[in-house]
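Look at the two complexes coming up: chain A is in both, with chain B in one and chain C in the other.
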Partner chain A sequence: METNLIKKRQLVKYYLILPAAVLLIGTTVIPILYMLYTSLFRLDPVVFNGKWPFIGLGNYLYLIKNDPMFWTSLARTLKFLLYTVTPQIAVGLFLATLMYREFKGKRLVQTILLFPILATPIIVAMIWKYFFDFDTGFLNLMLKNIGLQPQPWLSTKGLPLVDAIPVLGPWLVNKFSLTYAFRTICFVNFWQWTPFCFLVLYSGMTSLPSEVYEASSIDGASAWQTFRYVTLPLLSKLIIAVVFIRVIDSLKVYAQIWVLFGNAETTRVINIHLYTLGFTTSDYGMASALGVIIILLIAAFVGVTIKLGGKGNAQ
Partner chain B sequence: MKKGLTLLILCLVSAALFANGGNDSTEMDEGGKTITILCVTSPETEALKVAAEEFKKQNPGYDVIFNEQGRLGYFTNVTTQLVGGTDEFDLIQDNTTYMTELAAAGVLEPWDDYLNDPALTDLKVYDLDDLPVKLTYEGKIYCIPTDLSSQVYYYRKDLIDKPAETWDDLIANAKANTGTEETPYGAVVTAMTGGPEAPKIFYTVLWSYGGDVIDENGDVVINSEAARKAASVYRALKPYMPEDVTTYNYPKVFDAMKAGSVAQTGPFWNAAWNNLQKSDSEFKDKYSLALIPGVRQADGTIYRTPQTHGWGLMMNAQSKNKIAAWKFLYFATSVEGFNIRGANGGSIFRPSILGAPENAGNPYFPVMAETYSLARMEPLVPYYTKMHEILNQMVADILTTDKSLDDIFGRAEKDLNALKSRY
Partner chain C sequence: MLNKALAAKTTRKTFFYLIIFLVALMWAFPILWIIVGSFKTDRMIISQSLNLLFKPTLTNYSRIFSTHNFGKFLVNSLLVAFGTSVIVLTTSFPASYSLSRYKTGGEMMTLGILITRIAPPAAVLMPIFIIFKNLSLINNLWALILVNISLNMSFSLLLMKSFIDEIPVSIEEAATIEGATLFQIMRKLIFPLARSGIITTSIFTFIFSWNEYLFAMVLCSSNRVKTLPVAAGDFITAYAIEWGPIFASGTLILLPILLLTFMVQRYIVKGLTVGAVK
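After this line comes the complex of A and B, so read on.
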């Protein structure tokens, strides 16, 4: 009797998580499994004749071998990741270090710094789109007013300093996406999400134990040495967490690029290609296959980041 | 319990058989008199609604319901609903270029039986010859557009004395009018990739040099001398167009016209003429329109090939009210239907109306009459939207890179062949 009661009590925890588990499975696990299933079929309205033909890995092979946008958009996504996450973390850390000191008006600066993350990405991109317009944009009007040439911020032209390098310039522009358009995309993302990195890192800094700073001060460590050998190691776990969040977020980037350039081939990243396959060309099987690839890609990045985090902890 | 279960199964089987039988017998049945149209919010739909009111007056007892949706995701919705086998809609308004994909999927009803039934269609009054565009798939008509869109040439008549007749004229005019006090740009074309606009404009230039993307045998023929000549026109125009020309879609080119900042645009959509006339732009009277430029032939004539596409109503193969749906299709695309829609914002392309004496005073009508007589449609292939992906990449490469034209068209050819092999 008592054993039954204990068993029942033990089951309670499972009953309590059941609603959340059902919701999670229903909205995440089942759709992913279904996506995996549909990626093995030719889900293309043109060949629909009452049933969808099973083609095994055909969609995956076509994407890898024949889809001209697959590798291009994948490479662009990885460049986007590199060009946005790296400066976001670096500048976020720099701002956090600055804000760690006391100065007059600190609260006001902190509040202003947080404005960008409060805005919706779509609205942010729309505002910047107007700012960057060649003929009527605010930036070019300012440049004209101070006697400088307006710049084609939204064009796919190579950045002048790079493009002007003899022979190597166009190659660099092409290989590293050093165009105005891509810089604009990266800038908008940087502008919106650097404050997030700052916020998390600053919160981390404020919670660090003051004793270690007192000790380093007594030992005569310089500001740089304190940062390099005290702050940075203590923050490493948090930095990895921020990298982790930003990497996933950058791999998911969609709205900002969509607003700025739609699904133009010249600026298309992997998620916009996924949308195009699914909702422009109505090739649902191919879109499912790409969806699976994206999930695997994100999982790989997450795995690497966690592993790096683990190593950091061990050290 | 067992008895109840048996009875239930019997009922379900009977219901299924009855439903199946019902489907078969409705093939050419009168059906209901309420026609439901899945349509997109647009000026064309507004014009269609006015025609529907007249249709209801002339056909008491009939009703036309417009199930209107926004443009975002509309085409996907149409495809998904039709392929999913919906019978909620009798008619579907769609861009004509998507017709082949839907016809190939077997979700559209061909019009031939209705057109050839004297009880339903008076061919003398309907005058099929007065309808230059009929969309066919495997020899059957699936749509006659309600509205057509084609391309014309717009120029600032206060700056350009002689409108461009050839692509070389266009380039020369562009050069003379770039960076002036009046116009920063000598020319602009819709070159925003990712959508259908950039390939459609490229077709117009390509065809005029005798080239094509897919020939009549279905072979990929993009890697040609004609394509290289067409691309050379783009590259020659590049210095006289905005540096961010690949962000120019219809609204942006139209805005440039409204602001008077572009000396000429073309090929550009004919819809801009009426939109400009209705606008409050101070430059609306400074623009004129003419036939698109082309290529001068040995006999001195100009070979022009404006691309055309349109909106049309297509009949759902699963519709339960096919006869009623046909009656409305017949009315909407009749001379009367065209006149009603044309007077209410729809586009007119019946030559008999465009060439009518009462329209001779408006420069738009004679230009459009000639444009439609020259107009061509893109190859109606089932992989149309996927083909645009490749063509967009090609146009982007022409305008934004220094890649050799051999490389660009070689790649396009390879990609198109790979795509074609799937169908």
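After this line comes the complex of A and C, so read on.
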């Protein structure tokens, strides 16, 4: 009788978790396994009967060997990470330091900074598509009003200062994606996600013991010294966590780029390339293979981070 | 001497407020400008003057609702966002309780849940599309709800768990001694005590599924089941851009998020920081 009760108690924890687990496994693990399977076939979207020719690793080999856009979009994804996450953390940290004091209107500014984090990504992209528009956009309207040249913010032209460098210019533009369009995409991402970095770093700072700041101000440390020798070391773990979260989230980017430039080759990141393979060229098998590659790359990144993090903890 | 120091202090203060003002301007102005612009005519929006003073008109709104059927899209969006939130909440609450109190599955389980949140949704676009195509669930709102459940479940589990973790176990022990069943404890004790966790989780699930674009575009593109972001996206990627209806649909989509940001700010801040700060 008693053992039955204990058994029942032990089973309860599984009953409680079951519905959520079924939903989560059913909608993540099963699709991933199915994608592994479909990536080995040449899927025909017209004759959609499941009897597809098996081509082994053919899709993977094609992507790696014969699809230059695969490598280009992969490299561009990495550039996108570098150009978005770095300024987001830097400015987020600056804003957090700036706001770490009482002043009039602080709550309002915090509310203003909260909104972009939750705003619909495609609407954010839409807002900036209007602001950056060449003929009617707000920015060029302002430039014209103060007598400056309107800029082709949404074009694939190289940035003027870089592009003007003889011989080397076009190469640099190409190598580092220094085009107006790509900068615009990075800016839109920066605008939407810097507030998140600010918010997390700010709440990290407010949870630090206030004595350390009092001590450093008594010792006569300058604002920069306090930041460099007090805030930064104490926040280092949190900063790494925010970088990690931002990298993971930046890798999910899709809607913003899609709305601004569709699948244009000069701004194509890996997610857009997958969509293009799947729904423009209707090559479901190839797109599945790319999905598998993306997941493997991210798993490798996360694995390395966890391993490095573990080492850091051990020391 | 004293005057000089005072002057320096005033300069610094002015400089500080100037930066704060620029920060506020940079993040508030674009949104305000679009909202205001949604009450202008197309001609005014694309004219070369700023038109700061104008007679507001509702033409853009009447256009998106009458000629573009935004009423239907609004209902679809609400169905998806509410449907997802209700299902995610009713399944993740008991599951998080189990994770928090029994450590079900141990560290590996938490890690596994975390991993499902890491992969970009676009990576699993193909299998989800092919599976739903096989099941003839393309252009079906349930398919979209299912995908949104998938996208939100792990975040909700971890968020809710962190809230339940904060409720002391001793309260439950006392209730057990008095003969309360597990179901009673969960319903009458934990549910009210985890209130802020439940509110936070619902807000995030609602907003994330309200904002979802990629899967909505692929799975529900027909007019009958289109959601608001997809309808707005159609305007933007169209050949001839009409800013008026775009501003109006953008304002409509941002409105609930704007309201939530002002009304339940406390919960939103907690939800955004709880995972990272830990």
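Definition applied: the second predicted complex is superposed on the first by the 279 of 315 C-alpha atoms of A that agree within 3 Å, B and C clash if a C-alpha of one lies under 4 Å from a C-alpha of the other, contacts with A are read in each partner's own complex, and residues count from 1 in each chain.
Quick note on the criterion: a residue touches a chain if its C-beta (ideal position, glycine included) is under 8 Å from a C-beta of that chain, and two chains touch if they have at least 3 such contacts.
Computed from a prediction, not measured in an experiment: that's the story for all the values here.
Once the two complexes are overlaid on the shared chain, A:L172 sits clear of chain B and of chain C alike. Applying the stated contact rule after C-alpha superposition, one finds that A:L208 touches neither chain B nor chain C. Contact with chain B, but none with chain C, is seen for A:V46 once the two complexes are overlaid on the shared chain.
Once the two complexes are overlaid on the shared chain, A:G262 sits against chain B and chain C alike.
With both structures placed on the common chain, the touch criterion links A:L139 to neither chain B nor chain C. Looking at the shared chain after the overlay, A:F279 reaches both chain B and chain C. Of the two partner chains placed by the overlay, only chain C lies in contact with A:Y130; chain B stays clear of it. When chain A is checked against chain B and against chain C, the one touching more of its residues turns out to be C. When the shared chain is aligned, chain C comes close enough to touch A:N271, but chain B does not.
Shared interface residues of chain A, touching chain B in one complex and chain C in the other, are 48, 135, 262, 278-279. In the complex of the two chains, the chain B residues touching chain A come out as 73, 75-76, 79-80, 82-83, 101-102, 104-107, 184, 192-195, 242-247, 256, 259, 261, 382-383, 385-386, 389-390, 392-393, 396, 400-402, 411, 415, 418-419, 422-423.
By the touch criterion given at the top, residues 45-49, 62, 65-66, 68-69, 134-135, 152-157, 170, 174, 180, 261-266, 268, 276, 278-283 of chain A touch chain B in their complex. If you check the complex, the residues on chain C that touch chain A are 16-17, 19-20, 23-24, 26-28, 30-31, 33-34, 37, 45-46, 48, 50, 87, 90-92, 94-95, 97-99, 101-102, 104-105, 113, 115-116, 118-131, 133-134, 146-147, 149-150, 153-154, 157, 182, 207, 210-211, 213-214, 218, 229, 232-233, 236-237, 243, 246-247, 250, 253-254, 257-258, 260-262, 265, 268-269, 272-273, 275-277.
For chain A in complex with chain C, the residues that touch the partner chain are 12-14, 16-17, 19-21, 23-24, 27-32, 34-35, 38, 43, 48, 50, 95, 98, 103, 105, 108-109, 111-123, 125-131, 135-136, 138, 141, 144, 191, 195-196, 199-200, 203-204, 207, 238, 241-242, 245, 248, 251-252, 254-255, 258-259, 262, 271, 274-275, 278-279, 284, 287-288, 291, 294-295, 298, 302.
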